[in-house]
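In order of appearance the chains are A, B, C and D, and numbering begins at 1 in each one.
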């Protein structure tokens, strides 16, 4: 069965990733760590966009809440790592539940706008609540536990967290719930008339997506020993959306691949030209007009032709 | 603070004139949103282009009488032309697609336009001098007030009235209203909906250009000015109601007044308050203060 | 088939990441990682600072290098974004194998690079970020040094000026983010010390990103103060001036502004729109001081940039690197620990005078050029200049 | 007690009375047709019963429980399912999945994050497809099938909710004469087999008389007659304003 083969391939990808520190220098270790963090962020986002058809414009909020909570709990309050990390994720989940409760009442443009408005509110609070977040200077000097405070160790920590989260997300999207979520995306009205409480299904997606975004945010904090208000700004929400589209929202791994592409493009283009935003913009236009299903969509199509 | 009537009056004028400048820009955005249903993130970039083009045209028309005004008109026309190119070559092919793709398209535009501006005008802060005759202040009886800001106020009201007239009293305006409500109905009437969309996009963008050109002497030009304005415009449009011109007018005034009186009443937290306002409106009245709820 | 393609995508991904090559660790070269914004809103500052950096490298290399080793600058675009700067700083260390980091513009980027320099144990010279937070005890670490003046010096020197101008009722208008708040602390505490009778009447805090200051202008004018201390920095000042001018703001109050409003770049940009008689500061001005060292620097810069009237930002990049070069020469090596030891307490001759790096908090005693803006008498340079202009030293103000 | 009791139901669209003072009782096992020309308010009537619209007046009880004001999904969970006049399926999902999802929802598995959805209720799904004669099309993309088959699928989805009361909105709309005959036979068989109560709207008289045991006539939002087919056929008012004047429309 395809599902099983895919799992095997993901397993191979996992092993390949696990070998990165052994075969490459520190810079790849850093780059891949960063890619893995944003891949998780994008995977969480795609639960909303790809599976739920919900265009959230404020997904950065939960990333930022997880990131700040992790920083504050570990550093300011000095909690033990597991409690701090866990509580940060829990806080993202709770915020997503509260915010999501109001957002899923709206549809389409209004849903997007309310998610944006809430995310901007989170940003404004992070910006103004200087005593806790250190405002625009950024929260630096995060107390990262010694056992993971080393690039390769942190790489493996991230890899394991990513693998666990990706597996959970994979199970979720293929579960009975995942199928129902897709049904609500395909036809909101029909789903209601088979007895599905569509809002509640969407709320669960919102909370799950927020939770995993929170995990990504907490990882980001641990990786950088810092969090910045920019992580809550709407451009971060736009970025995760671009990642998902680049990779393809129609496939499970698409957004993760998109995260890798965007980060690699971002790094390499900036070295070639100061006009990297234009190049990125043109790539985006090309995807929109010629490959609307993203890179994974292209790969699938080519695969079908090849067969 | 209200025990100083002169101060209150000036703050009122500050709020109104700021609101009116914002209205010109937000009116274009709400028009596009209402009719095309496109969340146009590039609207701020169009505003920025308007400002920069005005800067260049002011230099070009330096010798001519009324050069500044020519430059303002020229900027609006330039943006209309630019929008026409964008619409006919790209945007129109996306109308049938999910609005996610339209959103992404406008992101791509933002990236490319900001680079175009950088390439053409550099990253120095540029300023456009206030036009002759508008450098000083005018006696309003209660106090003196900067003449150029009075002009901005007047322009905002002028645009509001002309747009109201256009939308409510002209044949073309009727189509725009109809397109806002029901695209299919318009098609069944044999109207070329594609043309209505194109004209709305062009007109909305011209308003962004006009707003940018008029703002240029007051705000000075710098990269990043697009990002600042777009968030404000979205706030206005949401508070007023997507697609509602009257709503944009009220929303712009509210935002302007909140800014001028907010710094006196709730210094430091206006930024939180603005987003809170946006959240509350969307939660309880998602169609905005003056918009109408959509029938499902 | 889906699955095969998926595998290929993974392979392609691995391949692309592998493309960037490792920098050959050339023993004979000392690599300096420069992090300046060359895109986005702070690009202008970054471009100039980078030119200053390159100029010093060229000078040093032309003279045979440092301890026989050549210098090489590797630049990454920090984009005025701390998250980006963090990644780029790491990239410079891990991929480009740089020995030192210099740069940063905003406070947050400064903090971000400092955080990397701490974990990676690489020396970082902050050439532009001014916030005192970088060198407060909880943030200070052995690897961060600052060649820029800090906000204490900038705000404090403004207070010195306010005292000298005899201002008693003072309003402030400072941007509502860390730079503004740090300036405020420095200004008010110094003022309380040297001019205890002066009163802060009204404090205005424009929001980050605002383009409309009229409400603040109106409040200040209604407050009846005789002086205004402002943190509306050069990038924002033209908008502020065009809004405040028609109200008669600058005629009513004595305006003292931090944030490089006195820099020649801005003066040339604004021309006659620059309000007459305001007090402003700059990192450097090409027309002062008239010393051989400074004149040589200006001449070199004129040649380097091909302009007659040189901008002020290059000196920040230049001096930051000068610290490293002199410290390496003193230490006789480019080893991190040796250079740290050499930097602590080091005094160097910069184009704008002698400066010393304090051992206690790694802060250079960089002062501030202050002056009153007037249209120049020189027909060849018809722009506002600081006249009179002076250098207010940092020693009394840094803390 | 009647299965469905509708009292004084009214729906007002900003001044326009789409439905007005409707009173109707449906008994268990009944096959009840609602007649009326286009624009008479049939679809609005269904929408008000199933929670799609919130009526401005009146209450409806289902098996003694008030259902007015409940959400569509709650009403479905109580045992009322419906089909739509316009095809309303998941066009991009396979036929099999269309039904499987409905079964997942019906069996209360929709919040199960762990059990793989594709493995659930496969036998039940297959049986349901067999019931509506779509077994051969199980793996096809639903939206690409013929109109008639999509209608059959629509029926299967509605049946998957295991309703006691099934509301069918114009089940034969847009079908060819042959499709109509087949489809009506299918509906009749299933209703008999599953002991369903049927409430359906229809414009085709042939269809109505072949299947309904009671019927109502809706005219300008008002119910002008209810009774057995013969009673309604002979009702003076119906004859005058519906069969008489609009005989062509009704045919």
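Just so it is clear, a residue touches a chain if its C-beta (ideal position, glycine included) is under 8 Å from a C-beta of that chain, and two chains touch if they have at least 3 such contacts.
Everything numeric here is computed off the predicted structure, so don't read it as measured data.
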Can you list every chain in contact with both chain B and chain C? A
Chains still linked by touching once chain A is gone? B, C | D
Quick check on this structure: which chain has its C-alpha centroid closest to the centroid of all protein C-alpha atoms? A
A-C versus A-D: which interface comes out with more C-beta contact pairs? A-C
Go ahead and note the Å separation of the Cα centroids belonging to chain C and chain D. 73
Determine the centre-to-centre distance between chain A and chain C, using the mean Cα coordinates as centres, and give it in whole Å. 35
Averaging only over C-alpha atoms, locate the centres of chain A and chain D and give their separation in whole Å. 42
Chain centre separation (chain B, chain D; CA means) in Å: 49
Indicate the residues of chain A shared as contacts by at least two other chains. 127, 277
Identify all positions of chain B at which a residue touches two or more other chains, and write them in rising order. 118, 227, 268, 271
Would you give the residues of chain C that are in contact with at least 2 other chains, written as numbers and ranges? 39, 208
Check the chains against each other and report every pair that touches. A-B, A-C, A-D, B-C
Enumerate the contact residues on chain A facing chain C in the complex. 2, 5-6, 9, 12-13, 16, 24-32, 34, 127, 130, 134-138, 140-141, 149, 224-226, 228-231, 253, 257, 260-261, 264, 267-268, 270-271, 274, 276-277, 295-296, 299-300, 302-304, 306-307
Of chain C, residues touching chain B in the complex: 39-41, 43-44, 47, 176, 204-212, 214-216, 218-219, 222, 234-235, 238-239, 242-243, 245-248, 265-266, 269-270, 272-273
Under the stated contact criterion, what part of chain A meets chain B in this complex? 49, 55, 102, 105-106, 108-110, 112-114, 116-118, 120-121, 123-125, 127-128, 234-235, 238, 241-242, 245, 275, 277-278, 280-282, 284-285, 288-289, 292
The residues of chain B that touch chain C in their complex are 4, 6-7, 10-11, 14-15, 17-18, 118, 122-127, 129-130, 135-137, 144, 146-149, 215, 217-220, 222-225, 227-229, 259-264, 267-268, 270-271
Help me check something: in the complex, which residues belonging to chain D touch chain A? 50, 52, 71-74, 76-77, 81-82, 84, 88-93, 97, 100-102, 104-106, 109-118, 120, 157-158, 160-161
